[in-house]
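Chain lettering (A, B, C and D) follows the sequence in which the chains are written, and residue indices restart at 1 in each chain.
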């Protein structure tokens, strides 16, 4: 698999009908780095991910992936540049099996035309076998083999999130954006998640930008942190330093008190 | 299933079998009618079908033809071509009919013609607009008894307008935007100048329209003194009423569909003329009495609307009377090519088919209008014969 | 001038019909494709009550209106109740099937003939002069009045009465409304009742103006784009949509070919939809959350 | 897949096979035999009905791809059928074009219309999209009616039976063979599309278009491709319809036709090709079944006029009951019957793994 890419977000602005959601947000994730993005509810963390993956169109600022300016690109074009993401609520295709969910993400790797697809002949058939092999590798990596033919709707929530994770990996990304992967998970599932994160970082070398609520996990795993509040950068740096920052402490205490 | 249910089912089956056996023994003349009994056009074609059924019932009560009853198979095609096609196929291949009848919208013609030709079974348009193919030189298999006569209708209508109007005529034309109606009205528009009539407006109105005022306004604005409409009744009468509402004072000539007689009484407008080929019930002919008696047996349609189908019934009887037992479609066809039906006053004269003319050799028109003094429909022009060549 | 009158009358007819689509859609997200048939039944009911209460036309109208309301309630209680929470498409198909059933029943009970309730009521439909050479039919004027009453009444009802407020709440967020103690089935039944009542009224006016037969159904269907132009969940939108479509249609008849009058409204609609995909007055769905 | 226990796959190629077990092969062979013998045994009426069903299957599968899989509601289906039929009619009438020319031409017209009327789908969703496709219906109806009137075909354009080399297709059995082959090919083609990249993209954008985009699927292109494929197949069905019936008339393609096709999808079961087939069979044959049923009842001649109205109403009533009692559609019934036989003598199947 490809090496991780270099992700730079510079002075990002986002507004919806007069409401300023993000204001001059900047961050940087170096190739192969695991960086977490934290902040209280409504701080704009998911909005940053949505801007990077092209679901929202920022009103200002720039987003660069390996020096390529992707600001304002359509989502599918961003994805084809090997930027993948997971979603907070899984957002799986519920009627499809785990296998098919992953195959959807192989779209950018398949060179075939509609006509040959319909005939299922020659290249279309060979391509399907190749994709199947690639997906099988991801299933193995994420330890999902036994569920491969189960419709996603029949899986428990924790497993569904793991399928979402696997689906993003099936895209063979160089940048992976994770939107609260641990939300709603049991303790054991969180431990599994931590293991997968580390394996992805060490074995695949993918650049990871990770939005997270669980401070314990962040402190244990992330190399660096960015903190957002009210759509603005508050602090950044190594976990120990950031989490000791009085502004951050007050922010979280305030948030829990309020 | 309960024992009793089986029992009842057995009885029913036995009854059906007995009926079947009786039917076999009587060996009927079998004819098939595909009609628009529900759906679009039902208001025109359901009464026609009903009249044919009533006629055949009376015919059978009199002992049928040559001692054999006439069996009329009726299917509802809902004015859909696919249904008409399926029924036609069933008629010719399964029921073995001698003759098919059509009383439906023009869209059902092609599939039925298709089947008729394939099977060599004659097709008789009864109450539906006559296709051009029945005019001389006629298609060997297609026949028509319907009062409408495309082209001849417009020619007669324009002549009537010309002679009724004292001075120069500014004519507006009205059709429904279906091909058959538009085609006829466009023909009238081309023809008008040759009669010294100036066409000033040609409105083709979509079938479902909630408000006819915009169309009427345009006709009025064009300064029309006469309007000629050849369209389904709804379009004709609603356009007329909208025109009157706008204060238009001109005269209106419309085709006399089967409900024209009731409608004249409702409108009570002396300048609303209807022309057609069927005699109104106000003449109270013996044949009208007959229809009223038949209707008294029970029908959901007003008896005044049954004349058109009654004519078709008379033609059917006359045709079958010329077919000796055992009948074949070929014999029926031969009989149809030399039939002459006394319409007993329902039409202006006899209805005659020849090998080259499957419409009628002479067509007769009458024009009615409402008369306020007599409080009834009166003749604006009595039977006028038009030779069909 | 006449052009304006014609546009207004046509718009009023459309608005009166479209209102039923909006009422049902707002609370249940179901597109009622039997609305045309329910409207037609309004006309037929008037025909029946007119001959039943011969000589007392006002009573006949009142009873027909009540029956219309009851019919709507009945449709909900007997049928649509079972489809709350099911897929919307299935509910829409139910309304299609209901439409077919009602059309068959209408032929069975009233035949396919063109019939005139006005004659049975013993009323006339005279033309009234408006000056400037423009005239309006009594039925047309009545339609305009009916639109004012129905829309005015509905807006007041929705804004100020407890039931109206419940109905709005149910339309905006059924789950939340249910949690706050709004009895959804009753609100939905009311919506169906009112929708059928207004549709039935439209059917009665149409029947008085130009008689009643099966084609009334298609008129009902023509009002559906009107509701869409305005935005399916907005009553005031339906009014504006009706004006827009009616104007396009009347102008097309007057200045273009009457043949295209069936098609022109759709071009207006397409243009409008491409500019504002959520309808003129429809609420724009919030940004999709992921 | 749950019905293939005991068979072990040894390659990914084997996994991709559509027919897996010997039982499935046997069922398929039986079906083939039944379909093959049918024209030899059936009455001409039944054969005609079967041909109607096959034509409807092509149209229903095409609409299923668009609505059931790509999630785009269309009310322009009758318009597209009409477009195919009219392309055929006009080419045959004006230029005497043969079968092998009118078929691709109809497909091409379908493709263009699909592209043009798919464009609004990039901005519109749900019912709003339905209306833009409704516009397609009215525009095609308008153009068709204009052509018929201008050229004097007041009752429609008559078509000669098409020629395939030396064979003239004028026999219902030949048509049965042709239509069966085309329907099977369309079914298989669609089935293949759905298990490859194209179909997965459609399903993804039906379920959640934002997510589909985030996974690298170009939403606009995928939507348009669904419109184009569906429209081409629909126009082909229209072309075949014209030849089979031997005529083209705009009055044969009303809005009611569209409603019938939508009903096929919902009655059959949305999101399933098999559902489209079952729905087509049901909706086409149902009115004739009612005819049969009512004809068995003894009705006094005096009331016979009412019978037709009753039949008409019965169609709506039975559809209603069906929707009330079987919300899953015919597919639900089919599954239950199949499960009953598969599981016999046990009554319930395990929860997971329903494919």
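Just so we're on the same page, a residue touches a chain if its C-beta (ideal position, glycine included) is under 8 Å from a C-beta of that chain, and two chains touch if they have at least 3 such contacts.
Because the structure is a prediction, the values reported are computed rather than measured.
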item	value
Centre-most chain, if every chain is reduced to its averaged C-alpha atoms	D
Furthest chain, CA centroid comparison against chain D	A
Distance between chain centroids, defined by C-alpha means - chain A, chain D (Å)	40
Distance from chain D to chain C - Cα centre to Cα centre, in angstrom	33
Rounded Å distance between chain B and chain C, as computed from the means of their C-alpha atoms	35
Chain A and chain B, separation of their C-alpha mean positions in angstrom	73
Two or more partner chains touched - positions in chain C	103-104, 107, 221, 259, 262, 288, 290
Where chain A touches two or more other chains, by residue	55, 87, 91
Multi-chain contact sites of chain B, meaning residues that touch two or more partners	38-39, 46, 177, 300-301
Touch list for chain C against partner chain D, complex	31, 33, 79, 82, 86-87, 89-90, 93-94, 96-105, 107-108, 221, 224-225, 228, 232, 259-260, 262-263, 266-267, 269-270, 273-274, 277-279, 288, 290
Complex contact set, residues of chain A against chain D	53-55, 74-77, 79-80, 84-85, 87, 91, 93-96, 100, 103-108, 110, 112, 114, 117-120, 124-125, 127-129, 132-133, 149-151, 154, 167, 171
Partner chain A, residues of chain D touching it in the complex	1, 12-13, 15-16, 189-190, 192-193, 195-201, 203-204, 207-208, 210-219, 225, 229, 271, 351-355
In the complex with chain C, residue positions of chain B that touch it	38-40, 42-43, 46, 177, 203-215, 217-218, 233-234, 237-238, 241, 244-247, 259, 266, 300-302
Touching residues (chain side chain D, partner chain B) in the complex	43-45, 48-49, 52, 145, 148-149, 152-156, 158, 170, 245-247, 249-252, 254, 256, 287-288, 291, 296, 298, 301-302, 304-306, 308-309, 311-312
